[in-house]
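Please go over the structures that come below.
Paired with chain B in one complex and with chain C in the other, chain A is shared by the two complexes that follow.
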Partner chain A sequence: MTLLDFARGPALAWSLYILFFGSLLRLVGVLLARKHVDLSQPRNADTLGDSVRTVFTRFWFKPEFRASTLFITLIGYAMHIGLAVVVLLFVPHILFISKLSGLSWGGLPNDTIMLAGAITLAALVAMWVRRLQNPLMQAISNWEDHLALFITGLPVLTGMMAYGHLFQDYPTLLAIHILSVELLFVWFPFGKLFHAVMWIPTRFKLGAHFSRRGVKA
Partner chain B sequence: MTVDMQLFEKFAGMIPALAERAQPPHMSDAERVEKARATFLANIDADMASEMESCIHCGHCADACHYYVPTQDPKYAPVRKFELLKRVYRRELSPLRWLHRLYTEDINADDLRKWQELVYDSCTECGRCAMICPMGINIAGMVNVMRQGLANAGIIPAEMMAMEQEQGAHGSIFGVGPTEMEQIVQDLSRKQGVEIPLNRDRADILVTTSGLDLLLYNDVLIATARIMNHLGESWTLRSDGFEAANFGLLSGYEKVQKAASERLIRAAEACGATTVIIPECGHAYPSMRWDAANLHGRQLPFRVLAISEYLGQKVKSGQLKLTPPGQGQEGHFPRSLQTRPPFGFDRRAPLGAGGTRSRLPRDGVAWRNELVLRRRRGCLPDRYRRRTAPEGLRYQDRAGRCHGRRFGGGHLRQLPAELHGGRAAGAVGQEHRIPGGTGGRGAAGNHALIKDQHHD
Partner chain C sequence: MSDDKTLGERLRESGLSRRGFMKFCAATASMMALPPSMIPAIAAALEKARRPSVIWLSFQECTGYTESLTRSHSPTIESLIFDHISLDYHHTLQAAAGDGAEAARKAAMKENWGKYLLVVDGAIPQKDGRVYSAIAGMTNLEMLKEVAEGAAAVVAVGTCAAYGGLPKASPNPTGATYVSDLITDKPVLNVPSCPPIPVVISGTLAHYLTFGTLPELDHLGRPKAFYGQSIHDRCYRRPFYERGQFAETFDDEGARKGWCLYKLGCKGPVTYNACATTKWNEGTSFPIQSGHGCIGCSEPDFWDKGGFYEALSKGTFSSAEGIALAAGAGAAIGVAAAMGAKSRQTEADAKHKEDPA
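What follows is the complex of A and B.
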């Protein structure tokens, strides 16, 4: 079995199992945690609308916080959107997903994808430099934060290298690229990358909490 | 608002001496850690679990925190304030605890001591950080659980411990128990010529107050009485349940919190009150409005209103008329009522010392001076400087804080002067200047910030 066969075969299957069952374990464990019944008289009994609204309003900061958060928010968006474009709109990725799931859609030209990849990488580097340089970020960062950036950046970097046929050995580069994606799958349920799932229930709960008390979240 | 400055100075002088009255519990370090851990575990619920699983360490919350913004000291980052809770959660409750235990450090007694400063002296539980967090994490709620853990471990600032112990043991604050309260109220009523119904058997409204207001800021009580009488309400003050301040909530010591709220519940039930009015006090309100029923174990048979909320309703219904703009003085209300219920969040809530005054700081005066100096030196971003720069160092009188809220077309500060003793001063007081005093934004600035009101 070549490295590429391994990456495309058992490694892919196992990483997907871990991704799925690990995520399920974490999500269900959190959602099923004990709830405290609140006996105080609610200001709003029907909190659903506000809860859903909070899930979406937190996509952008409130105007008061603009000066302090604009730059890093834009970088965050550059990273997330760039990554989504690369993952979902690169034609070979679409073919790969289509083989697994049967779903298919149109992609973007390769040059555009490379540009998106470069933007993603640049944003990740900027986030990492900020984490290393800014005294506040230094104080609140731990190894998991650095690992999350690394694990996110690696598939983008290896993918761009494979596409550019750097170092000539395409099958090995491709295998490394696929393995790096699998590393992300495996780590996803266990580290902070899982925020990609948690943002929905957490924002929703905050919205419900504040709505119950009559506060605009 | 008139304040007896001699009495005020005497009071201020008493604060440092409070520490000597505290009786710290004797516990081994291991016991302290176990108590804190048990408290954390008992209080973490599904919401907190979800929050602790979500934090991305982005640091945005620091930019909302009035301890971090003026100091730029990373230790004040809100996300750090609940770290011990998170460590216990990750090791003992998280669905991934088997993994987290491998690399998440356990808590120890030194950690608890270190975090005391962060959760008591460096957080007012104002909730501002929850408004910026992209993940929607309610840090103030977790800081409160941190306080509960530390309180059960006996690691409370000594001054606060003294207050909490006095309220727990005697139900009094600054020595004002039922007998003293009756005496003060009767004296006030006689001297000011205002009827204050005391210990009525039946009343629709139970008005509560606080030892500090009775001793020092009793214009507040007189103004409240005038307004209640003016409105023709059936109301009473009761000596068996008058103290709204709750040092149990403030310190995190739940037993005392419950005992204090139970007193008010019993007094309200005894007179059949359908409404309990809470005076201006940032922690008294959430204690009664949100926590009391849960500690009591069932819904309360009355509604709980902050005094300003009650007045606002009266203004809206037309029962209270406001004087035209410009003829009144500015008022103010605690930030915790801005950023938390009942009023809805004013995102422009000031970075000021108003909220910090509700704690009993050991170095609070120095800290607030520093805060003001930093502002004056321009260490704050423009948007804050514009809104917070004091024209002189100004001490914001506690009594003047309550009523800075706009209801409909008018403002509570425009309540008719005759309702507060002929001095136009919010409903219950006005700002008092003390040259060289400390911190705090002027109340005036506050009004420019008030928007997004919540109406009942």
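What follows is the complex of A and C.
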């Protein structure tokens, strides 16, 4: 069995098993956990509207925080949109997702995907440098923040290397790329990258919490 | 058997012009990525070369390579070159049969001991006392070992000889294996494909005649000159891949327009061969040009690398049951964990109410 056979076969199967096992475990465990009993008098009993609103208002910063958050917001958007383009609009990726979900859609030309990949990588590097240099980010960062950036960037980097046949033959680079994606699959449910699933319930919960206390956020 | 005439003399006797001969030498140099300055050297060496003795052993195979070689290039430079080797033993092409054929093999071995080329076509069965294929009372392994002992080099022609091919495909009922797995004390050159392109073997032979050595090989024992680039990298449909234009079925508009066959399972990106450049039938076409994706037949174990019509990026795993089971197990454990946590919290609340201190 070659490295590519291993990556396309058993390694891919097991990484998907771990991805789905871990994701369901964490999602169900968190959503079914007992709600915090708040004994205080609520300032606003009907929190649903604010909860839903918070899911969307967090897409952009408040004007008063512009100076401190504009850069990281734009970089964050560049990274997330670039990653979404690479993952969801590169035809070989669509075929893989199609096998899992049965869904299919059109893709983009490879040049566009490469551009999106380059933007994603540049944004990830910028985020990492900021995390290393900003004193506040240094204070609140732990090893997992660095690992999450690395695990996110690695498939993009190896994918672009495979496309360009850099340093190795294509089958070897493709195998490394697939293995790096499998590393992402395995780590995804158990680390901070799971925010990709939890961002809606988290914002909803935060909105409800603030609304109950009368905080406009 | 070998005789005293040189290759140049024999080619001229066959009516080949000097221009035609030099054209072949230039094409050979070009194909094998040799500099133009090597063309005279190739011509001089081929001119003087005595026709070498070649013993061709056919084991677990379908004779596809012989079919390919004899039917597709007649008469061409390649076939002329082949006419001018001394093919002393070949089941399909030799006139002799039975004891006469075996006597010819033994005589050729004795006369050219240490100098003849051994060409092997087919896999070698190893299971159950190697009973699945035998010739003249000898198992394939016995014959291979016997002939390889006196060979200058061994050329494994076709994917069956090079990597086991279809006989070795799972579940490999005959325990088939390949030449380089068994012959480790001689230079072994692999010319895989199912079947290989005739010009690849003639080019390889020309290299051997010219330099007296086998050409530079890749990590799978294949001549780099022919197997150095992937089908995908040299495919004329590659621009469609880059533009995201794919045939979705074999008879849709994309297929009629000649768009990329990646979605239909083409394995060109991970297959190294000369099909896209030298093509078949005197450069007429190759499978992708004829509308079918590459099946990766020059790669080891190509038969067991997933469906021929499954896109490369889809992987070879069967997903549904395992993923459903994993997701179900995750959800069940998540529910159990949440319930357990709730239960513990409820107990703690009850205790707190009983004894707030």
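For the reader, a short list of remarks on this structure follows.
Keep this in mind: the second predicted complex is superposed on the first by the 203 of 217 C-alpha atoms of A that agree within 3 Å, B and C clash if a C-alpha of one lies under 4 Å from a C-alpha of the other, contacts with A are read in each partner's own complex, and residues count from 1 in each chain.
Note that a residue touches a chain if its C-beta (ideal position, glycine included) is under 8 Å from a C-beta of that chain, and two chains touch if they have at least 3 such contacts.
Fair warning: this is a prediction, and the values are worked out from it, not measured in the lab.
After superposition onto chain A, the modelled positions of chain B and chain C are compatible, with room for both. In the superposition on chain A, A:Ala33 makes contact with both chain B and chain C.
Looking at the shared chain after the overlay, A:Pro92 reaches chain C, while chain B stays out of its contact range. In the superposed model, A:Leu206 makes contact with chain B only, not with chain C. Angle at chain A (Cα centre) between the Cα centres of chain B and chain C in the superposed arrangement: 170°, in steps of 10.
If you count the residues of chain A touched by chain B and by chain C, you find the higher number for B. Using the contact criterion defined above for the overlaid structures, shared-chain residue A:Leu25 touches chain B and also reaches chain C.
Shortest separation of chain B and chain C in the overlay equals 7 Å (C-alpha atoms, whole Å). In the superposition on the C-alpha atoms of chain A, the part of chain A touched by chain B in one complex and by chain C in the other spans residues 25-26, 28-29, 31-34. Residue ranges on chain A touching chain C, taken from their complex, read 1-2, 4-5, 8-10, 12-13, 16-18, 20-29, 31-34, 91-93, 95-96, 98-100, 106-111, 165, 170-171, 174, 178.
Touching chain B in their complex are the following residues of chain A: 25-26, 28-36, 38-41, 43, 54, 58, 61-65, 67-69, 72-73, 76, 134-142, 145, 190, 192, 194-195, 198-199, 201-207, 209-210, 213-217.
Chain B meets chain A in the complex at residues 44-47, 49-51, 53-60, 62-64, 68, 72, 74-75, 77, 79-80, 93-96, 99, 130-138, 141, 289-294, 296-300, 303-304, 339-342, 344-345, 347-348, 381-383, 452, 454. Note for the complex: chain C touches chain A at residues 230, 232-233, 241-244, 246, 262-263, 269-270, 300-301, 305-306, 311-319, 322-323, 325-331, 333-335, 337-339, 341-342, 345-346.
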